[in-house]
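To start, I am sharing the structure in question, which I have written as structure tokens.
Chains: A, B, C, D, E and F, in written order; residue numbering restarts at 1 for each.
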Amino acid sequence: MSDLVTFGETMLRLSPPNGERLEDVREFEVLAGGAESNVAVAAQRLGTPSTWLSKVPESPLGKRVVSELRGYGIETDIAWSHRGRQGTYYIERAGKPRGTKVIYDRDDTAIATAEAREFDVDRIQNARVFFTTGITPALSSTLRDTTASMLKAARQGGTTTAFDFNYRQKLWSTEEANETLTKFFPGIDVLVIAARDARAVLGFEGDPRQLAHKLGSQYDFETVVVTRGSEGAIGWHDSVVHEQEAYETDTVSKIGTGDAFTGAFIARRLAGDDVPTALEYAAATAALKRTIPGDVALVSEEEVEAVVSTGAEEVSR
Amino acid sequence: MSDLVTFGETMLRLSPPNGERLEDVREFEVLAGGAESNVAVAAQRLGTPSTWLSKVPESPLGKRVVSELRGYGIETDIAWSHRGRQGTYYIERAGKPRGTKVIYDRDDTAIATAEAREFDVDRIQNARVFFTTGITPALSSTLRDTTASMLKAARQGGTTTAFDFNYRQKLWSTEEANETLTKFFPGIDVLVIAARDARAVLGFEGDPRQLAHKLGSQYDFETVVVTRGSEGAIGWHDSVVHEQEAYETDTVSKIGTGDAFTGAFIARRLAGDDVPTALEYAAATAALKRTIPGDVALVSEEEVEAVVSTGAEEVSR
Amino acid sequence: MSDLVTFGETMLRLSPPNGERLEDVREFEVLAGGAESNVAVAAQRLGTPSTWLSKVPESPLGKRVVSELRGYGIETDIAWSHRGRQGTYYIERAGKPRGTKVIYDRDDTAIATAEAREFDVDRIQNARVFFTTGITPALSSTLRDTTASMLKAARQGGTTTAFDFNYRQKLWSTEEANETLTKFFPGIDVLVIAARDARAVLGFEGDPRQLAHKLGSQYDFETVVVTRGSEGAIGWHDSVVHEQEAYETDTVSKIGTGDAFTGAFIARRLAGDDVPTALEYAAATAALKRTIPGDVALVSEEEVEAVVSTGAEEVSR
Amino acid sequence: MSDLVTFGETMLRLSPPNGERLEDVREFEVLAGGAESNVAVAAQRLGTPSTWLSKVPESPLGKRVVSELRGYGIETDIAWSHRGRQGTYYIERAGKPRGTKVIYDRDDTAIATAEAREFDVDRIQNARVFFTTGITPALSSTLRDTTASMLKAARQGGTTTAFDFNYRQKLWSTEEANETLTKFFPGIDVLVIAARDARAVLGFEGDPRQLAHKLGSQYDFETVVVTRGSEGAIGWHDSVVHEQEAYETDTVSKIGTGDAFTGAFIARRLAGDDVPTALEYAAATAALKRTIPGDVALVSEEEVEAVVSTGAEEVSR
Amino acid sequence: MSDLVTFGETMLRLSPPNGERLEDVREFEVLAGGAESNVAVAAQRLGTPSTWLSKVPESPLGKRVVSELRGYGIETDIAWSHRGRQGTYYIERAGKPRGTKVIYDRDDTAIATAEAREFDVDRIQNARVFFTTGITPALSSTLRDTTASMLKAARQGGTTTAFDFNYRQKLWSTEEANETLTKFFPGIDVLVIAARDARAVLGFEGDPRQLAHKLGSQYDFETVVVTRGSEGAIGWHDSVVHEQEAYETDTVSKIGTGDAFTGAFIARRLAGDDVPTALEYAAATAALKRTIPGDVALVSEEEVEAVVSTGAEEVSR
Amino acid sequence: MSDLVTFGETMLRLSPPNGERLEDVREFEVLAGGAESNVAVAAQRLGTPSTWLSKVPESPLGKRVVSELRGYGIETDIAWSHRGRQGTYYIERAGKPRGTKVIYDRDDTAIATAEAREFDVDRIQNARVFFTTGITPALSSTLRDTTASMLKAARQGGTTTAFDFNYRQKLWSTEEANETLTKFFPGIDVLVIAARDARAVLGFEGDPRQLAHKLGSQYDFETVVVTRGSEGAIGWHDSVVHEQEAYETDTVSKIGTGDAFTGAFIARRLAGDDVPTALEYAAATAALKRTIPGDVALVSEEEVEAVVSTGAEEVSR
């Protein structure tokens, strides 16, 4: 049985290999990427047995996604579907002033029809943490119900619930997100949220410390983590605020950094670390993720330890 | 003004570059492919100015498709859309006994909503031939109406109408195809149809010569071409049947062979060739297509001439 | 619990991607390959839950191998080692008259030190079939003992033992192989052996039917399968000989064909098929394998069924 | 009819894909590049219908170049030639202290023999701007005459003439360039020139503002743009000098930056912008170009607008 | 000192890696190829120390060519030039009915200006065989003189002269070739010529045995080899004719087959083999070459021996 | 005869081409790399004829390594072996905070058994400089003796001995290295050592100037060079200390920088430069190396001159 169970969509991730524009592309690099599986992989890498639940089309593309995730070491529990598409997304990487662009092609996917009864509730109730993100309920009204059911089942089973707010403007409006996601808040123990989303979607004001405090007190979360990209993160727990700086990186791929952070934070909390220590490992894992192509934090515990303690040498031989 | 105008969907065509299985793919080769644009390119290559009409999403993926087709030398007249997906398809190439497999991901595309009024009817009425295939009305009920309108407009403008039956079992049943497509027959001058489809969808019987004759007499077509893959083709015109063998090839990619055949046939007919001569050039173009990766017949008139007259040398230097 | 458990070495498989010579290579395609994991994957693909046991260095290269195998869908049970190399092999593919060449670099590997006590004997005893090959005891004297122990444990637990003779001239002499492997024979229920090895290593004579019969009677196997490459295979069971032809293929990669055959044979026998039916599915799986790059039979049950019943269409769309 | 017509050579552009040295290269990335077609593409992207005139060999290599340019969306009007080579150039990209190196292989090209009468003068006279660069007359004495004829024809037809000085030390000496190009100046309305060339070739002195002013007054240009690479540009118009800074970029490929700048400047001037606004869009287009591999500014108007107004987000999803 | 010295042009060889058409190419595979260096490499591989003489531009492209040849194991003696281009050629591979096409871009090369005095005559006179081909004098009138001088020097030094007729229709007419090359015949000991060239250029008639005999007697050669592609070769020596069949191959690249044949023939003759034996090794080397990408026969003596004695196994492991 | 002779191991160097993790790699870039051959190539590039001595397996992998080195222009003198592996190493490139990692797979190599008598002592005694590094004696006890013999032979022949300390923690402990390498010191004329190694292995203290001075005086070296990575180097000669800064670079590959430095230093000293000038050229060569993928400094003398005098332009065309 896994200690962490996550639920959500993982897409086929297509990107021009050398920074070409999509409108001129001749070749795609193919990987899998999705917030909830990214979190599961990061947690597994830091020692937490993890399972990803999803609904995936019974097609070569669906198998492709699941195969990659199994290769990363996590368990998967899949509701294979004969209806619905495999979601894909396209990434056009670029630096300043163009910026990386993501194009979603994730309508009418198999997962959009996923209901709670298609999964084994025992998996969730026997886990120590259940995790999903604000992307999942943004995908369909069915998934809003499913997310609610799963959070409820987790709570009933005594499983800690963790949730990354993850607002995606390409999926829904700030109003819809606010209305839907705040309804889940009473069932959530650990909330991870970008400072940007706390302001733009939830309407909070103040510096990140204040955001963490206001969120924590208003909704009675056990833990709140407010992330600020390259400026680090704030952890709020038992009414105490902890600040964590980001490590300096030579960034290869930014996408998935937040998921690496969250997966590591959960893993270290499950391993018994206090919040400041877990934040430190989370920041180290996020920093390592940025040196790795793709969405996923293919790190080892030793590497994370090395970053936390000293930073690695330039060439080790 | 183009002599040939075609209308239909062109998809982004994704295939593992070295014969890998889709469920294990790490890289996709990216090209564009669609029956109606394939025909336009083949005709253009044989000297017929050609234009492809379509409705395409105003997105990098839509631009990608149009850019490739323009590069092949044809004109494009695009209804750019802010709604609807860019269709894609996946090809898994394999020899015996596995066989090449195609997976369509073409639901909810921009073109499914294309109406005749979104295009300039003059383009069609000023052309000498208007061409589409049985794939187009299979994509949506809107496109059934649009196909009907365009065929009617062509007829009214004195433009010859050419139609490739192109039954696709992954898009609709034989019953639906039969019912829909036979309704178009009175408005069609030149019909291209696989012997297999004439039998399985239209219920005709007999050898290919008989199929051609029955089709031609029953529906009052001006010309009927019955294709038989590597066994050649039959042309029926003015109640006379002409037989054309296929040329021997070292096949690299079979997909698009029929479109190369049809495009060349139309081009040579427009250039004044009689049916047997046009069939010969069509067969030569189809043979050359099979030596070319991708969907499209990137041939030159000289190459086609060389195949018709002698076959090319092994190494020319 | 898995129905099939296999034990053996899987190597990192490096090959020039486009048929370049090794002495001129600039790029390697990287995959994993090993007889026992190949068999496990093939069996899993045909519906038998399978686990591969091995000893692998705790290094990025070792993880690379295990990750790929997990991605193919089997379970793995690994004795991670801090000593010993990850075996690699180099493949130089070529047609006539050069022929494909394999260079092993598999001395001093982690697995060469693997002892039976490093693995959970319950896994073997709770499985329905335990499988290994003549490669494993060729790798070290420790592995000879380990192979013997595992076969004995399987027999004690009531697990059927299956063994592919797999003589490798680059690992040992025919004399050593004969002496070592025939000692295992009394503990083996199902023997798979190439006709070539039966003659050159074991000194049997006669046509393949005779070889099967002589082997079966002399050593009291339950089942003997004599393989003959593109000429098919012979199954001997309950003193009855069954002949199976090979399917015609467009071969992309020959390596792993025998393992695909064996894995499918085991899976179908476990599913209750009689020997002739299992041979037919085995031949179909082997034929499909030859259309797939790499060592591993990434097939589906439906594809195997399709080959058995009719052979697949050339292009399915 | 196009608003902008450009004339010049476009070469096949061969470069090692991953920064390898030319003397060790095993693979070339193949693209097309030439100042005048680069300018046409950039202008087209900012909304100005553009045509590129050239003389190109009737060969697969010549077709390769034209095909790529058509794919970028511009019109082409080609004098196809049965004599003369297709020019090529080799790029060896490197950072400090090595620096990117360009090797030209552009002797005896088809375009070197291009005469004005091979092109339709109406295209030039019906355009709103005719553009060429100092590279064209450097290629042959025939092209000096052709450039002169075309500039004269444009002037006679009331078409604005724009010219990028573009001194290339690998093509001719500063003396030859000075003597030839200053003769064209009376026929030129808009001059673009690098500060470096104004000093080294024309012998002007002073800061860029002074260079612009001196050039403008001495030769009676309507507009002068003095470019300074990453330090921005100076525009002089109606005796007023306007300064434009360069935007900060993560540079992928520097080559073609100046052409992107010039194409955008022309497009925005044609769209009615005043000089300072056109310079701002030109700088934004140039900045975006630097994030794009290859010679050509594959940008959209929206992206340029976004840079002008705010700079883009890091990841948009 | 090398036993074999060859003189001629080696070009940069650019080809689309996966059979794409040149007009659609995005990537080139880069290799070096030239008849005389191909012959030197093949001879070296069969044990004859060999040196290739040439004149090459002192540029990264020139160094690229020489570096590759040195890597293949031969010695090089280069007249580095500051004038003249590096010749290139483009290969578009295709099967029937298109056929492989070669486009030369070899005008104005450095080697076209090579004079005999630029090379050390001792190298030629101390060798046992001097070799060049009919391509060299086709490149420039200077090279006609140089070829004549070198052949004369070889003869004076007692070095055997070997010459491959190698008529190239893209370089000169049959009349020019006939006139030029027959003048060299009195200075040549060993002539290699395709049956096709003996007929089309020299006007001989008859079957290949008759061609060999007529050539040998008319021009007083010591040895004549008439090649017939996949139909084998005829050797004429001391008025005796020897026939050699070609080995069956799975062909990857045909180009360079003849050079492999000739290089091996020379090497084996130098090693003391009689003509029939040398022809057998030559045919085996040519067969192996066809399994190797690129122009060059990267074979080993063992491999050639294996083909001569038995043909190799399908998979050796 | 070469002026510089080096002796040591060169490995096959396998690295994921685009920064992928080794545990997820699908493709390896293949190159050769080894300190002593790197030094030979760098020296050759700066005009010193150089030969690399080694013992290499007579296998395609061994030939692969030697072929690449010959291509770079140096001579090779190889003891071909039928026993022992070809060493390989794996590089996982990464920036901060992960850092580049090297995994050696160099046990039981052919070179580990190399004895001095397998090489021609005249090569060493006729050279002007003999060079090896502290890696060689770390590989086996046989190689400790061989290193000692060669250094002794060089000294006897009047050949200057140069030695790069090159401590590798993955090969031996600081104690073993200290004990072994200091024994060689009396036979060494020119020592190159990283400041880090002087401290950690030899136990010296002080700033780099002090380290150089202490080393030089204590062991009676003729010249000592203390390297400090991106902080430059210190040269000590005739009791005088010279300081050299590193040039600023856009680094593509750090590995081999020190070898480029050393090779250039030796070449310039052999060309007659004084120590400060040689250090300047060494620093320039090292800076250029960092812009080049792979281990080897594929530079030209002109490029080094250009860096020493001015630094190169950004784009030269």
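The rule is simple: contacts are C-beta pairs under 8 Å (C-beta built on N, C-alpha and C of every residue); 3 or more make two chains touch, one makes a residue touch a chain.
On a predicted model such as this, the values are computed, not experimentally measured, just so you know.
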item: Chains contacting each of chain B and chain F, listed by label; value: A, C, D, E
item: Turning angle required so that chain A lies on chain D, C-alpha fit (0 to 180°, nearest 5); value: 120
item: Between the pairs A-F and B-D, the one where more C-beta pairs touch; value: A-F
item: Between chain C and chain E, centroid-to-centroid distance (C-alpha), Å; value: 46
item: Cα-centroid distance, chain A relative to chain E, in whole angstrom; value: 62
item: Residue numbers of chain D (touch at least two other chains); value: 17, 21, 23-24, 26, 67, 71
item: Pairs of chains found to touch, sorted by chain label; value: A-B, A-C, A-D, A-F, B-C, B-D, B-E, C-E, C-F, D-E, D-F, E-F
item: Chain E-facing residues of chain F, complex; value: 67-68, 70-73
item: Interface residues, chain C side, partner chain E - complex; value: 18-21, 23-24, 94-102, 104, 168-170, 254-255
item: Chain F contact footprint on chain A (complex, rising order); value: 17, 71, 247-252, 284, 287-288, 291-294, 298, 303, 307, 311-317
item: Contact footprint of chain B on chain A as seen in their complex; value: 14, 17, 21-31, 59-61, 63-64, 67, 85-86, 88, 90, 92, 103, 105, 107-108
